[in-house]
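Below are structures written as structure tokens.
The following pair of complexes shares a single chain, chain A, combined with chain B in the former and chain C in the latter.
Up next, the complex of A and B:
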């Protein structure tokens, strides 16, 4: 049994805000909150289930403008949407690797952001796609770029009476490509030991622009690596410049040691994974069909995610 | 603690119940509805032994509140059997030797139903991906994938014999269409 709480399931947005301001714990998919409660953590005396709020719903794409994703959008919806594979491939890679099928049907993008875990798989990809958070309270809406939204470990630019309402992500031009790599110890159901996301636009002379790189599990919050982006911006694509960017990432990332791995190993991974992910983003920027997987091989003999072992049968 | 009234459909039957706010769907199904196929393994979303279909989608019932059930439809293995006949997926699990201790099996079967809603004729790789949320300590998974492939053959054979209108419990031919309707593209 979960610890005792009073449950509210409002359909009125302002009612939900008032409950949250009063200390009630918002719950969307519950895949973080209820797990914590099962673990014995008393989250709050009151829980407000926000799944019935129309303001948090809707999943739409407008060509030339981009995505509007209600905070309740599930990882599964992102994973199964062809628009995402075509224009936002890193988001497909991030969201399709969250937990399991069962988790992804329930778990929401809003919950992934607001749980604040540095290992959150959807955040790096959303950071490199320049996502904007729209928070909403009784006094209206505020738009905050996702890279400004985190103010510290599990801290956000959000008021007690505000909820994250939706996420807006600009459309991508035809010369753009993105990629995410999640380093885990097994092929499913594992948190990112470390991850890197990249987005790049490439002109006809292979000059890179709008370069964005984001790091997962490399600090107290998901983060951009601005120094590495600066190394690449306006430069021609080459092995040397990618290595220089990887070195910048490795010195900017500040991973911690944990039972999953040492900080040293994570820094080394940051370096190597950045190289692979940048190459992949550039390849995708050049590709005709951007929805096609590009094999991710970090070390010799590795089975890439899209290339699962062929089993006889 | 305040109890909440919920009206829902469980395995095709309309139900109305009073539930405590903090009761999980898993405990509710086992303790109040006598649905003992759903198993508690980890209670934190890792093992999939508690998988049920909620409005057609596989979910970990240990992470869902019973209080959320208003207007919803729940399907468990008990809802797959047609009178005395097992579902082709159940038959296939037995024939392929996909069951050892059996603790994971009800969850596996519900995930298999979900997999077959998404892909009518899944490849072995697709099966492995769709079944990633269900852990089995006994079988080594190969025979579980075998069973799902066998169940597809069985259902194809029944369709060939009885015509395309034949329905299998839990299998929703319009699943993908309904799912795509949740996106708006302008």
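Up next, the complex of A and C:
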């Protein structure tokens, strides 16, 4: 049951900023805020619905420059956009696995960022694609790289009178590939128990550059794994170097033990899933048709593989 | 096997069905039925898919009040004081009641549960006060204002703590009114004990070549009904006439219970039933009904609507109990089982509720559908500070099946036998001596096992293998036998309307199982009247005749018999009316197999049942109305408590088997169930597609039980009491190739031979999936659900 609150639906951007500065809770798709309120969480006495703000709308792609995504861009738009599958596959994987189709029609990218959940599915992919947040207030715009935007658990580099207006994501070269793996306990309608995203550019000698790795549900915020990136940067693609990166990820991730799962289980998954995701990103970097899924196989270094029984038939 | 007549799936394809499913027909039915045995469109389908069906929470009355419960945040605490002054002072609040207002405890087996907590709370979420207010918002705000002073008591989190009997949930069983079907042990947390003894297990173990011991635990589950519990009540405080609108499974047992709680004679209690948005046993107990009535009584009889939200549904309604089983089996080298000893411990939660019946049903099933000369079963219901265990589709037998089928696979491995072969060697046949000493009849375990295995291609598959993608694959099989509650009784009224259509008044509740389609099928088949001329009335205890309950897969069997009896009377009455019109003797008119009211000698004098409304024979004549009755006290041989030996413990055993193929990703630990082969002895498929849907729905439900669902408690706190964290399978998990065989092994006392299929589809599902996972991973997983972390950190079997 929703408790009473005062709802504002401004069309003027500055009015919305003023309301937010005054303590109103911004709502876009409402798939977090209203769900939390139904669950008994008191979000605010005032809610400002930002769906009518022109400054937050619009999606575009310009070759050579990249994506400009209004904060109101829905997960479903990302999921169904061929450019995303072709150039930003990890984002397709992240956005297409959020909740259900119905939720993805409502839930926005801006909302996914501003909800600040460590398990947010779009964030890891946007981190590895080097997204930049554009926040806007009465005093103009500021651009903050997404990996600097989070300052703590559900904390952001944003002023009370500012709103996240859009996200800018650079274009990807032809030799780039990305991948995201979301670990769920069921096939849909689930939060990421953990997740790994990766982006890599590969030259003709299989040397990796611009490597970026991000972890989901591995700490208080979605986070980059800089140490693992450093292991791979400038190195030639091999099973061994991928394993070394996975070990770096496993030691950098800080998952907690809880009733949801043990830290031991999450660390093991981080290790093995990193191997899977890095191989997938590299394979996609090499692939001619980058919009196709890469068939999952088992890779060297994954712990489950070592324990595989030898018996056949 | 030679008397099988296979009806190929082309029959279904001809009806527009593209599934590859198969019905095995047996000789027992004539095959000449025109309605029975043919797939029918569900009678409740249109209103449900168009959203026009009226469910419990759709009931509203002008000027109604809204009820809300104030609940205990503590799992175990003494209530030192309750202050409701602030809550009462809130504008819009009409009444606030506490346990002191209605101190008499209630309970079907033992009256151990207060309507609202009285001296102490025994689970987190137990009501400590209830409020009726003009709006739900006000009622919820008032609930926050109820002040309770608690003295915290040690929390009994689980079975292990309960079994120490150091902290007692109920200090004194003897002060409760206890039925003859409940066996609490004074001074302990034991709320019930079941004991079965056949032969001499010690002697059996001595004769055995091999003794196998194992244990298995099934986790605590929520019914996760789409429709949460709800009731709207109007209780006249002056006349003491009580009425409740509710989606309950057992209108008459709830009526009796409400009458008892409020000291009102049964006929003054009226239960008006709405559609049920999910039952599965979860709406067998009284939950909202007594509280809504209590509030209405204090509000001058105004309607009070009480609807639980999802959080309340999880923490403070009912669940399927955890059970921990231990099994010891003595077996000969050739696989012949000579002795089974089973011990079981149910974590029933804070109040006994239906657990003695769960204990009882599971007790008779714990040995499995196997002929074993020496069996000893002792199972106990233990109380903890958890939410209340109750009936859950299968009534304990699902868990029992998981136990004995896990054990069968371990035995097979130790003897290096094929698991199917071991089962076939030991399974019951007609003439076998069952676990109660009963001579078994109409028992098709063998056929079901073979058919289930064939449906996944068992013979061609190794026990375990690795697929191209590196997944660990395995196959598993499980079977079961489940009784239906006996004795029980049912009645119906079949009345013909003025236009010649038929109305059935029966309290068998439609809760998705299709009984409002199968009941009209019986009438249509018997009378040869068009099916669309037959409908089932809404259920209201003031109008509908008695039926014990809609549980235990009993409705089609019991109500079907009653309807067939009533229809015979309808035929006689119609012949009588025709005789009046034709001015002949009653004996000159017969009711033919084609549904014609026919003069014996004058062929022109003939009225087809479908034209009877226009025929004029009913005009200003005695109305056509008949009653049908069916009870099973006469055939029931009550199993005595000293060992439960009985020549007829149940009117009907339900039999079935399922086999599964799974693949397990060795890196992620995730399990994919790729194929389920099911085979159920349904006696007679009244509505074949309905039977298949019961099985297929069950398989998805059982998938959740096998690998996902569990209620997780930490120190008395339910951690995952919501639909995100309690993992129910979604459609994305449900793409299992299911092939089902309906074995029609007619029951001599079942209408057209029918047996139950409401619960059976679920009973072997988790068991066969668990067995397949165990084979795939070469590991004896000892509990459900088997989660990825169990798989990744497993220890492989090494014998």
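Here is the rule we go by: the second predicted complex is superposed on the first by the 295 of 313 C-alpha atoms of A that agree within 3 Å, B and C clash if a C-alpha of one lies under 4 Å from a C-alpha of the other, contacts with A are read in each partner's own complex, and residues count from 1 in each chain.
We take it that contacts are C-beta pairs under 8 Å (C-beta built on N, C-alpha and C of every residue); 3 or more make two chains touch, one makes a residue touch a chain.
Keep in mind it's a predicted model, so treat the numbers as computed, not measured.
Within the superposed three-chain model, A:4 lies in touch with chain B and with chain C [touch as defined at top].
By the touch criterion stated above, A:201 is placed in contact with neither chain B nor chain C.
Of the two partner chains placed by superposition, chain B and chain C are both touched by A:39. After overlaying the two complexes on the shared chain, residue contacts for A:101 are found with chain B alone; chain C is out of touch. Residue contacts after overlaying the shared chain place A:188 against chain B and chain C alike.
Judged by the touch definition given at the top, the superposed model places A:77 against chain B, while chain C stays out of reach.
By the touch criterion defined above, A:229 reaches neither chain B nor chain C. In the superposition on chain A, A:62 contacts chain B only, with no contact to chain C. When the two structures are aligned on the shared chain, A:252 is found in touch with neither chain B nor chain C.
Judged by the document's definition of touching, chain A residues 1, 3-4, 39, 100, 187-189, 308, 311, 313 lie at the interface with chain B and also at the interface with chain C.
Chain C makes touch with chain A in their complex at residues 136-137, 140, 309, 311, 462, 464-466, 469-470, 472, 665-669, 708, 712, 714, 719-720, 722, 724-725, 727-733, 778, 787-789, 792-793, 796.
Listing the residues of chain B that touch chain A in their complex gives 1-2, 4, 21-24, 27, 43-46, 48, 51, 57-60, 62-65, 67-68, 111, 114, 124-125, 128-135, 142, 145-146, 149, 179, 182-186. Contacts from chain A toward chain B in the complex involve residues 1-7, 9, 29-31, 34-35, 38-39, 47, 49, 51, 58-63, 76-77, 80-81, 83, 99-103, 105-106, 187-189, 308, 310-311, 313. Chain A contributes residues 1, 3-4, 39-40, 100, 183, 185-191, 259-262, 264-265, 268-269, 272-273, 276, 295-298, 302-305, 307-309, 311-313 to its touches with chain C in the complex.
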